[in-house]
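Consider the two complexes below, in which chain A is the common component and chain B and chain C are the respective partners.
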Partner chain A sequence: MQNSKTQNTTRTISDIGLLWMETCRHLTKKRKSNITTATLEQMFNIGNRSVIFLLITVGFIGMVMIYQSCFQLQRITGDLSMIGPNFIKIVIFEIGPSITGLMLATRVGAGIAAELAAMKVTEQIDALRMTGVSPVEYLILPRFTASVVMTMMLTILTISIAIVTGGISAYIWFDINPRLFFRLDQVESWDVITAVLKAFFYGQIIPIVSSFFGFRAQNGSAGVGDATTSAVIGSSFGIILCNFFISAIILILRDIIT
Partner chain B sequence: MIDFKNIHKTFGTNTILSGLNLSIVQGEIMCIIGTSGVGKSVTIKHLVGLIRPDQGEIWFDGQRIDHLKERAFVPIRKRIAMVFQKSALFDSLNALDNVALPIQKHEGLSLEQARKQALGFLEKVYMDNHKESYPHELSDGMQKSVSIARAMTINPEVMLFDEPTTGLDPVSARRIDNLIFDLSKTTKMTSIVVSHDVKSIMTISDRIAFLYQGKVYLLGDPAMFSTSTDPIVQQFISGTATGPLVTPGF
Partner chain C sequence: MSSVIHFQNVSHKFKNHTILNDVTLQIKDTEKVSIIGPAACGKSVLIKIACGLIVPDQGTVSLFDTPLNQCSETELTDLRKDIGMLFQSGALFDFMSTADNVAFPLRQQAILSEDIIAKKVSERLDAVGLGSSSALPISALSGGMQRRVGIARAGIALPKLVIYDEPSAGLDPVTTSKIYDLLSNDQKEHLNTVIVISSDIESLQKFTDRMIMPYHGDIIYDGSSDKIFDCKNPIVHQFIRGETQGPL
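So, the complex of A and B:
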């Protein structure tokens, strides 16, 4: 029983890897179809439609983080002069990309999985295969490209908003001067590289994992629900694992190089 | 032209096909009938690689195809088209673009050029007046017609119809029957129709394969089928609830 579960998990991971490779193969292929329009539509769906949701979420997270950090720090040391630079550093390399990725996994991942799963159970995916159109090229590739681009752009936006809301709450509740708060002296180029890499990979994980579960859907509307749940769990889990490995690799590289 | 040899297929613990043998001749309309869940749709999906057999061989035009990889099925799917049970039109495209997509893909045309050709196919199924309609705006019968037009775009040698009249009112069902018959006879293509609509089968088929318990139970022309004294066949034709016919789930 345990062995079979392990085999299933291994198989799922390897199948997701194969789907990612197949998508990358299509990415480098010359094509005649009008893929740009589909990609732009997906960029709108993934990016523009997520903006408000993300801004509100990270805005509040920024405020809560600063409130809690200042509150605790005030009790222990009473020195809040370094809270701003350290907060900005953490938001850039950790909180910004990861919260963006996790939020997009719930909104975008669920949407992709539900749409593709509905197409699968109504035989539209089979119909695509029958008409000679590759479902990977036609359905996943535009979502993949759009997700990578928009996750990176949204990450920049969410980092900015978290920093701004953090700075405002620091000023209102703890009277920290914005000049003291908005300092970049703790931010290193490694932090920016980490953020870019995380956003780049999260942008790939979300559509690939979600499409995989969407394509695997079976058994009508119950199958669509299962696929959506699996997509959100799988994408979130993938993002958390990816976060760990990128952070670890960057730390090791930084130690070696500097 | 098409040979299924000793096909076995099991889903989980549910055995669907257990040694199915069937040969289909070029140009004929072969109807595959049987009770729900007997494996009619599963059989035809084997032919285009949408389902792979657990055991057995499938031959198409002298070529063994059951072991082919997904990419190797692409040229086969340019010769065999399929009309799906629930039409399977793409939700995000209107009727014209649903038909234009395979043309664009197969012939490498621009969208505008593909649309011009697609309109011709919609005219053949009398759906040109609904070219701008999306699938959810069309009735089931209309969706079936658009689906047939989409399948015709590749000028197939073989057309698979998966329960083309299921869920349609009698008038729409007979119109679809006429469409299938006319298309098959005018283009001389081979048609395989999966159905349990006895009236429809008797009207259009050249031969009938009656599937029962994972095998072909009876194979013959409509006259032979309707005059069969076999109690299982008779019960299927008459549609009576009691009798020797074992239906999955009952």
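So, the complex of A and C:
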């Protein structure tokens, strides 16, 4: 029983890897069909439709983080002069990309999985295949490209909003001067590289994992529900694992190089 | 005549249910074949195996003389460009309009201009009696109308092989006759291979030359449409006459 579960998990991970490779292969392939319109449409779905949701979430997270950090620090040292630069550093390399990724996994991942799963159970994906169209090229590639681009753009936006809301809360509740707060002296180029890498990979994980579960759906509407749940769990889990590995690799590289 | 579909000792099981048991079968170019049988006897699975949508457990399936087990997904995609298919569920793209659904195979070929595609789509929709519904979304169509859109889409790109899975399901007798006339005229004009899956024996007898009946994994009838009523097999006998007494 345990062995069979392990085998299933290993197979799922390897199949997701294969789907990722297949999508990357289509990225470089010369195409007859024009996917630009579909990509722009997906950029709107993934990006524009997630903006408000993300900004509100990240805005509040920024405020809560600053409030809690200042509150605790005030009790221990009473010195809040370094709270701003360190907060900005953490938001850039950790909170910004990861919260964006996890939020997008719930909103975008669920959407992609539900849409593709509904197409799968109604044989629309088979119909695409029978028209000589690759479902990977027609359905996944636009979502993949759009997700990578929009996750990176949204990450920049969420980082900015978290920093701004954090700065405003620090000023209102703890009277920290914005000039003291908005300092970039703790931010290193490694932090920016980490953020870019994380956003880049999260942007790939969400559509690939979600599409995989969508394509694998069966058993009608119950299957659509299962695919959506699996997509959200799988994408979120993938993002958390990816976060760990990128952070670890960057730390090791940083130690080697500097 | 070259072979369009060739099954060589093909076996396939779904869970514990045998769909095909060591089946050897050949469908040749320009043939008009019908696949008949009671519900859940494996008619649609047989066709999906033939198109490479389902990989059989055993045996070799060749499509247009190309063994499918040796094909990459890209080669399979290219082979399928010569097939038009009406799915049992319709499988229409619900994010497109009626006209866009019918135009889809032509657009994917990327050969014709948009003007010519629009003209062909309009003619095709007129032929299935849906000329005035071209702009409607799929969700606004009834089940019978959706089936006719599927029929229009399956044949529009003049594929070498057209497969119709239950073309007359949900259609009234008059529309059914019109649809079979359309399929017949298309076949005469383009000399393509046509496979129809249906239980409408009367219409199939008029339209197809050959009937195949799978049952519990075996092909229990494979012969002329005219002679099926002479078949001594009790299952075939009962099925085509629609009798309630018998082995079915």
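Definition applied: the second predicted complex is superposed on the first by the 258 of 258 C-alpha atoms of A that agree within 3 Å, B and C clash if a C-alpha of one lies under 4 Å from a C-alpha of the other, contacts with A are read in each partner's own complex, and residues count from 1 in each chain.
Note that contacts are C-beta pairs under 8 Å (C-beta built on N, C-alpha and C of every residue); 3 or more make two chains touch, one makes a residue touch a chain.
Note that the structure is predicted; figures quoted are calculated from it, not measured.
Overlap between chain B and chain C is detected when the two structures are superposed via chain A.
By the document's definition of touching, neither partner reaches A:T39: not chain B, not chain C. Shared-chain residue A:S160: touches no atom of chain B or chain C.
Contacts of A:Q124 after superposition on the shared chain: both chain B and chain C are touched. Overlaid on A, the two complexes show chain B and chain C touching the same residues of chain A, namely 32-33, 122-124, 126-133.
The part of chain A that touches chain C in the complex is made up of residues 32-33, 122-124, 126-134.
Against chain B, in their complex, chain A makes its touches with residues 32-34, 118-119, 122-124, 126-133. Listing the residues of chain C that touch chain A in their complex gives 48, 51, 53, 73-74, 77-78, 80-81, 83-85, 87-89, 91-94, 104-105, 107-108, 110.
Residue ranges on chain B touching chain A, taken from their complex, read 45, 48, 50, 74, 77-78, 81-82, 84-86, 88-91, 101-102, 104-106, 108, 111, 150-151, 153-154.
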